[in-house]
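Let me begin by handing over the structure; questions about it come next.
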Amino acid sequence: MTTELIRLLAFLVGIIAFAALNAAYLVWVERKGAAHFQRRIGPKEVGPYGLLQPLADGAKLMSKQLLIPDGVDPILFKIAPLMVLVPAVMSFVTIPFGEHLAARNIDLGLLMVFAFASINVLGLLLGSWGSANKYAVIAAARVISQNIAYEIPMLLTAIALVMATNTMNLNEMVSLQGGGFWHWNLIKLTFTASPLTPIAFLIFFTTMLAETNRAPFDMAEAESELVAGSFTEYSGMGFGVFFMGEYANIVIGAALTTVLFLGGWQSPLPFLPNSVVWFLMKMYVIIFTVVWIRWTFPRTQFYALLNLSWKVLIPISLVNLIVTAGWLKVF
Amino acid sequence: MGLAKIKQALAELAVTETIEVSKTVPAPPAAEGEEQGKPVEVKEMIEQNMLFTPEYAKKGYHLDVKVTAENVARSAKILLDHEFFLESITGVDWIKENQIEIVYDFNHWHTLCRVVIRTRTDRANPEVPTISEIYSGANWHERETHDFFGVTFTGHPDLSPLLLPEDADYHPLLKDFKA
Amino acid sequence: MSADVIDKSLETFVLNLGPQHPATHGVLRVKLTMDGEYIVHAEPVLGYIHRMHEKMGENRTWAQFMPNTGRLDYLAALSYNHGYAMAAERAEGIEVPERAEYIRCITVELNRIASHLLWFGAFVLDLGGFTPLLYAFDDREQILDLLESVTGARLTFCYFRFGGVYNDIDDNFITGTREFIKRLRSRMPMYHDLVTNNIILIKRLKGIGPISQEMCRRYGATGPVLRGSGVNFDVRKHEPYSVYPEFDFDIPVYTDCDSMARYMVRMDEMEQSMRIIEQGLDKLPEGPVMAAKAPKILKPAKGDYYCAVEAARGSFGIRLVSDGTNTPYRLKLRSPTFSNLSLFAEACQGMLLPDALALMGTLDLVIPEIDR
Amino acid sequence: MAYFNELYSGTKSLFIGMGITIKEFFKPVVTLQYPHESLTMTARFRGHIELVRDLESGGNKCIVCGMCQKACPSGCITGNGEKREGVKGKVLTEYTLDFTKCSLCGMCVESCKPAAIQFSKDYNLAGPSREAYIYDLLKRLEEQK
């Protein structure tokens, strides 16, 4: 019992450290990535290659006053950033980083990640409503409808996968993808998965972008329309925590994509040993792609975004679901 | 749409003004025994329709019409019917004559024809009817002219300061305005 | 609750867009009455950087007003220098040497490309795409370097003088310009692939923000806004000035009246400007760059004069009233975006906020020019 | 069918866009790291004005004609001179530029007959106060020795 508790505590600390470090360094990756996509250098003054920049940013945010404007609901205003950050960190609990490297190996792990992921939007809504700012409220209304619209195709693609693999345990799902990259769910060349999985992967990736409010679906922020959207009234660490939460969500999204489609900690070639390194590599490739997409495309129009979900993603993911079901029945 | 047509349409609106012109008059026919005299220059007051076709290369516009304030809207309507568009409205403060001139610049998309409509109003109480119902764009131009010259455009929906601060009670382009 | 019981004023709210807002590019403020995300009524509020250039003009000599003209539209300062120089030359009757006219056209067109490039970048930024802005700036820098080597300044060039230009251009400028045109030609397909053909951008611009011809006429819109509504009106062709009649170039016209049309007009105009510059460099005659008989102190004859040029944003007109002294009696600056913006209130009614901002982006506003 | 066409062409356009940005990602940076690197200004760069050194006398070339003062649209030049014995013409005693008002138009340089003023190539112009921009150009010429 005590060993179990210690193990849990160690993992909790590890997860929080991992999430915080990743969130902080994602800002660096984002800035550096953006700079190079735009043929600039980006942060370079603080530490080598600007690697200490997140620390400097953190120090700056912490030293700033947490301004609470007039007319704001102080409780909601203060709780909201945490409501974005905490669920994101909690989601890490079930992510299998390595074969035996997961805080909790829960049978309904997938469900738990989705459950926690949907709390994030509540945080945004409360923060926006609490800050009594018109831009923030508009952003909140957008974020809600966006999340509702995109959760459906995301779950539909996930269900198709669950049907094929017969499990909701994330670690088991990874185990099933062993034996080289052609066993990954992305391009599984066996008859257990439907031939539509590459498309399912694209859908999942798109919905992941939308769920994490990333460009080109960054309706929550939409800086050229809504100033800073939900975060308009936030300053100092309130803003900082919001951003940590946003970036932690991206890490979760990337980790989940890795687990579901890219074989998690499985090595791409059978003769190479499986290790957590593969997991991290795949995850960071996804994260880089997310950054890459952000610095390539303009923002979608809000109704185009809903159209995309209802008219394109949901029908296709339904077709995917049916095809998968049929495929499993036939083979 | 030619220059002649629009000229004709605007001709009756132009005011007639008494202006002083100097012209060379041939000398009266020589009486018997006298030598043929040289032509003489005389100044004469004549009534003239204030509608000009100035030299375009020199002035930059083709038709210059002076109308009374009441006829501004009618001329604008004629020009709109002939598919002219409004380039700008502005004022000129003729402080010596105690008048403010309002100048309307019109242009045409397809024909090279710039028309200038001008009208004068009393400097102490400048009032001109608005044309913002005919040309929607005139709304802002008139507001601007009101800012700068204090000209009241009667019938204008909202003459609050456009470019000047909202509490401005001065009109900077008047010649007697000193900052 | 029946419809007539609902208090209408509670259904709408006022949104203050600006004066400090990322999409208003400068200090424009728009008071929007919104019904959800739909705009019910819009009222632009101007004058935040009003500097009363027209009064300044009345208080300085004709030549001393030249630097002011570059500060109206700081993105296409040379067009404004050109307009003012031409107006004063028309009033005074100064003949400009041919070489100077060619240099004027070449530099003005370079400036037009620089202005459109910046608009392109800033517009895509309005739509949420950051990267094209930096690519456009990279190209724009090349133009500014070229113009700096000739005029000595990067933004407020103040390069033209009554009767010619301030400095002659040199071989470095000519070869540099040719190289730049080669470079931009090779970059244009990249811009089109990255931005123009992008499905997200097409979805955001196609059919959005229609401005009809009739509306353009009522508001006096000019420039790319008008040409995007299918009217072939460009002062360079309509009222040929300088040596533009010598050049073979087209006026891009799109008849869709939507934001995409206005976007395409500007993108195509860059190509046309490149053509003009190439021809200008080919035909560039030898000779002086200042009129020999240009007077040092201007005293135009009494009367008023009008002169218009096609600036990057539309027809810039200047009305001079001279009383025969060495200072202008009255100097009216007709700025194109003033008229272009005035139609925004009507055009954006019933639109969604982001669409209205896309529309505002295609109007290509430069606030100092509107406020003067 | 149009639906699938649009879906296909739309998705393709997105991948083309991503292809372009990734190519740019690996290209060298185009920016200059400003405080560490700086550009040399072009020969015609219009900085604020400075007095030209007269190579023969080592002093300035100004004849105190006041043309620059008259030409300046913003009135930012103040020049004064006095008669001195044994020297032809006036001698410059004061030449200040109020750079806070200067619009860098270059009218003064153009108006100067003896070419006694020129554009400096300074562009790193930051200062703690307004007064820091009232340049005593005579002093500046002295210091440049």
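A, B, C and D are the chain letters, set down in written order, and residue numbers restart from 1 in every chain.
One rule holds for everything that comes next: contacts are C-beta pairs under 8 Å (C-beta built on N, C-alpha and C of every residue); 3 or more make two chains touch, one makes a residue touch a chain.
Here the structure is a predicted model, which is why all the values come from computation and not from measurement.
When the partners of subunit A are compared with those of subunit D, the chains appearing in both lists are C. For subunit B, the chain whose average C-alpha position is most distant is A. The mean-CA centres of subunit B and subunit D are about 44 angstrom from one another, to the nearest whole unit.
Annotation: 67 Å between the Cα-based centres of subunit A and subunit B.
Note on chain placement: the centre of subunit B and the centre of subunit C lie 28 Å apart, centres being C-alpha means. Centres computed as Cα averages put subunit C at a distance of 25 Å from subunit D.
Looking at subunit A, one finds that residues 37-40, 295-297 touch two or more other chains. Across the assembly, subunit D contributes 14, 17, 20-21, 24, 30 as residues in contact with two or more other chains. Shared interface positions of subunit B, defined as residues touching 2 or more other chains, are absent.
All chain pairs in contact, by the document's touch criterion: A-C, A-D, B-C, C-D. Across the complex, subunit A meets subunit D through its residues 33, 35-41, 44, 292-293, 295-297, 312. Those residues of subunit A that touch subunit C in the shared complex are 34, 37-40, 134-135, 138, 141, 215-216, 218, 222-225, 227, 295-304.
Only residues 46-47, 50, 52, 54-55, 58, 87, 90, 93, 215-221, 226, 231-233, 238-239, 303-308, 315, 317, 319, 321, 329-330, 332, 334, 338-339, 342-343, 346, 371-372 of subunit C touch subunit B when the two sit together in their complex.
By the touch criterion stated above, subunit C contacts subunit D in their complex at residues 60, 63-68, 71, 131, 135, 138, 148-153, 156, 158, 166-167, 190, 193-195, 197-200.
Contact residues on subunit C toward subunit A in their complex (touch as defined above): 13, 15, 21-23, 34, 36-37, 124-131, 134-135, 138, 194-195, 198, 200-201, 203-204, 352-355, 357.
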